[in-house]
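Note that the chains take the letters A, B and C in the order they are written out, and that residue 1 is the start of every chain.
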Amino acid sequence: MGLELDFSVVLDRWRSLLDGATLTLQLAFIAVVCGGIIGVFGAIGRRGGNPLVERLCGAYVEGIRNTPLLVQIFLVYFGLSSLGLKFSAFTVAAVALTINVGAYTTEIMRAGFDSIVKGQIEAAEGLGLSKAQIYWHVIIWPGIERVYPALTSQFVLLMLASSVTSQISAEELTAVANYIQSETYRSFETYIVVALIYVALSFVMRFGFWLLSLALFPRRRRLGTPL
Amino acid sequence: MGGSLNINHLLFLGHGALWTIGLSVIALVGGGLAGFLVALGRVSPSRTLRLLAATYVQLIQGTPLLVIMFLSFFGLAAIGFNISPLAAAGASMTIFVAAYLGEIWRGCIEAVPRPQWEAAEGLALSRSQRMVKVILPQAIRIATPPTVGFMVQIVKNTSLASVVGFVELTRSGQIINNSMFEPFLIYSIIAVVYFSLCYPLSRLSRRLERTALQKKPALA
Amino acid sequence: MNVSTAQSASPSPAATAPVVAMRGVHKSFGPLKVLDGVSFEVARGEVTVLIGRSGSGKSTALRCIDRFETIDGGEIEVCGRRVDDDKLDLRALRLDVGIVFQSYNLFPHLTIEENITLAPHAVKRVPKDEARALAAKVLKQVGLEDKLHAYPEQLSGGQQQRAAIARSLAMQPKVMLFDEVTSALDPELTGEVLKVIEALAADGMTMVMVTHEMGFARGIADQVVFMHKGKVHEAGPADILSSPSTPELAQFVGTGL
């Protein structure tokens, strides 16, 4: 049989696709912000010197990094409902993605914080800065700057991985695609279009993180210091 | 298979776990071979090949594996190519792994110190001789820890084959759950099985990385 | 510039009491004894220079004053405060003591001005614009008034070290510690840093410094402490460098190191 591709029935649904893409970016945004905060505290916990906290943070990181996101999503979904808690699919998806990316971010941030040399910390101590102030001014921000490319890649991977939340019926881009293909019987065209939208979203995200780096790291903006 | 969790359920899960391993091996071998070509393409002297390989990597690394799975199972079927879930999952994993491993290996090839390339050129070796005899043996040493690390990603990502109906570990869990409805228990068991497959690989990767760091001066 | 609110809370010792006093200080790193009963005092407005071979314990002694190292025995008193006390108010100690390191340790992601205003603002709660005025003042003192908005990497090593001194000065310490501050610098850049330190000494700043610059030590020191094998082997006015009474110091001075 001949190959007859018809993209128009898919492209006619651009409104649904746009809604799905927006939800995908929303999920990614929430997970990146919350996961980023978890990452900072997780990394501090893993370095902090308290053996119990170190072990707990370590178990969290290893547990998440060595199990599939799909299974984590099911565990959060069914775990919450077995506790009698009812949340929307979007909330469950956001929680699961946050827990997931928080573990990866913890590991990346730890590498960044560990890269700050002792002299920097001693200089800050010598100036009388408190432990929290030293973390904020001398370890966290310069540390994040060091690992910014790795963080960006991880966050893009997270955005792509959010497609898995379609399996618990979060109405993001992949779920929209599943719906469109079941209505149009144009699976091939649908998934090609959606794949390209994801590629575009990846570029948008990378560009966004590049812009953000200019705002976050003024030295980089002024001197062009490579990340 | 209804009722409470029994030995048959566990056997069924074990069977699924074997297919998870099987699909991982297929993905590693297929993706490894294709990834090797991608890596060579990325460092090729031909502009066209470099561009082609780079475009491939950009496209695949910008697309979720889940969408690739759907595309190769439902998409191909819709345009007349009916393939089995195993073939669809294997092909998707291969395509996916090739892009990531190709990019990791390109980095390793480029990490071989510059003087080695120049020394090989000075010996009047042909380009392919230089690659095979000088560069690749060193690149393989550099590539081992990150490749083992990426195997963890491969094993975890095979779980997505469940969505096209391939009965690996996650899918077998879903099937059992359909008759028992103990989702939290079953997915916890599945998570533990994945963990026991992946954690040793993670540990091994880290150990290799540490020894590689200690041996680094010998490489330079 | 009136920013001394934090300092006024600290106990004010009698004018004659030493600013820094070490009494029989012992310190080991594992099996290695680095300080073996070290005692010396630093009077207000005086410059004390610690000299000795590498491994003699001079840098460790200096770092103990600011509690970068804890000690195993003996007493250290700084500005009337027992540094060896477990309940020491570390922040108050570090407000009184400024320290400058061999490797400058400027914060690379901050401009020189931000490097200087960070601690006055964060620790002493000096308002931002007051802190900026302070930064301009101390940078002028070290001759870098035009580098306010530069980043550390844009400065030469000598300039970075002067900026680091300015950063310390901005906290208005009662005593300043210098830990081999010219050792990482090319010879032609050490002069500009030493000149800044000389000017501080002339202003009456109390200082303790570890240095390898013998000529400089001779010119600036009110007291020279020669350390050898973890002990104060010989101490006295700068004259002891010209006429040492122990063979070890004679040999040390003789080697020119």
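Operating definition for what follows: a residue touches a chain if its C-beta (ideal position, glycine included) is under 8 Å from a C-beta of that chain, and two chains touch if they have at least 3 such contacts.
Bear in mind that the values here come from a model prediction, so they are computed numbers and not experimental data.
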| item | value |
| --- | --- |
| From chain C, the most remote chain by mean C-alpha position | B |
| Chain occupying the most central position, where position means C-alpha average | A |
| By number of C-beta contact pairs, the top two chains | A-B |
| Geometric centre distance via CA averages, chain C-chain B, whole Å | 56 |
| Chain centre separation (chain A, chain B; CA means) in Å | 21 |
| Whole-Å separation of chain centres (CA-atom averages), chain A against chain C | 46 |
| Residue numbers on chain C that touch chain A, as the complex places them | 66, 68, 91, 94-95, 97-99, 101, 103, 105-110, 118-119, 122-123, 151, 153-154, 164, 167-168, 171 |
| For the chain A and chain B complex, residues of the former touching the latter | 1, 3, 5, 62-63, 65-72, 74-75, 78-79, 82, 160-164, 166-167, 174, 177-178, 181, 185-188, 190-192, 194-195, 198-203 |
| Residues of chain A that touch chain C when the two form their complex | 119-120, 122-130, 133, 137-138, 141-142, 145, 217, 219, 222-223, 225 |
| Chain B - residues contacting chain A, complex | 58-59, 61-68, 70-71, 74-80, 152, 156-157, 159-160, 162-163, 170, 183-184, 187-188, 190-191, 194-195, 198-199, 202 |
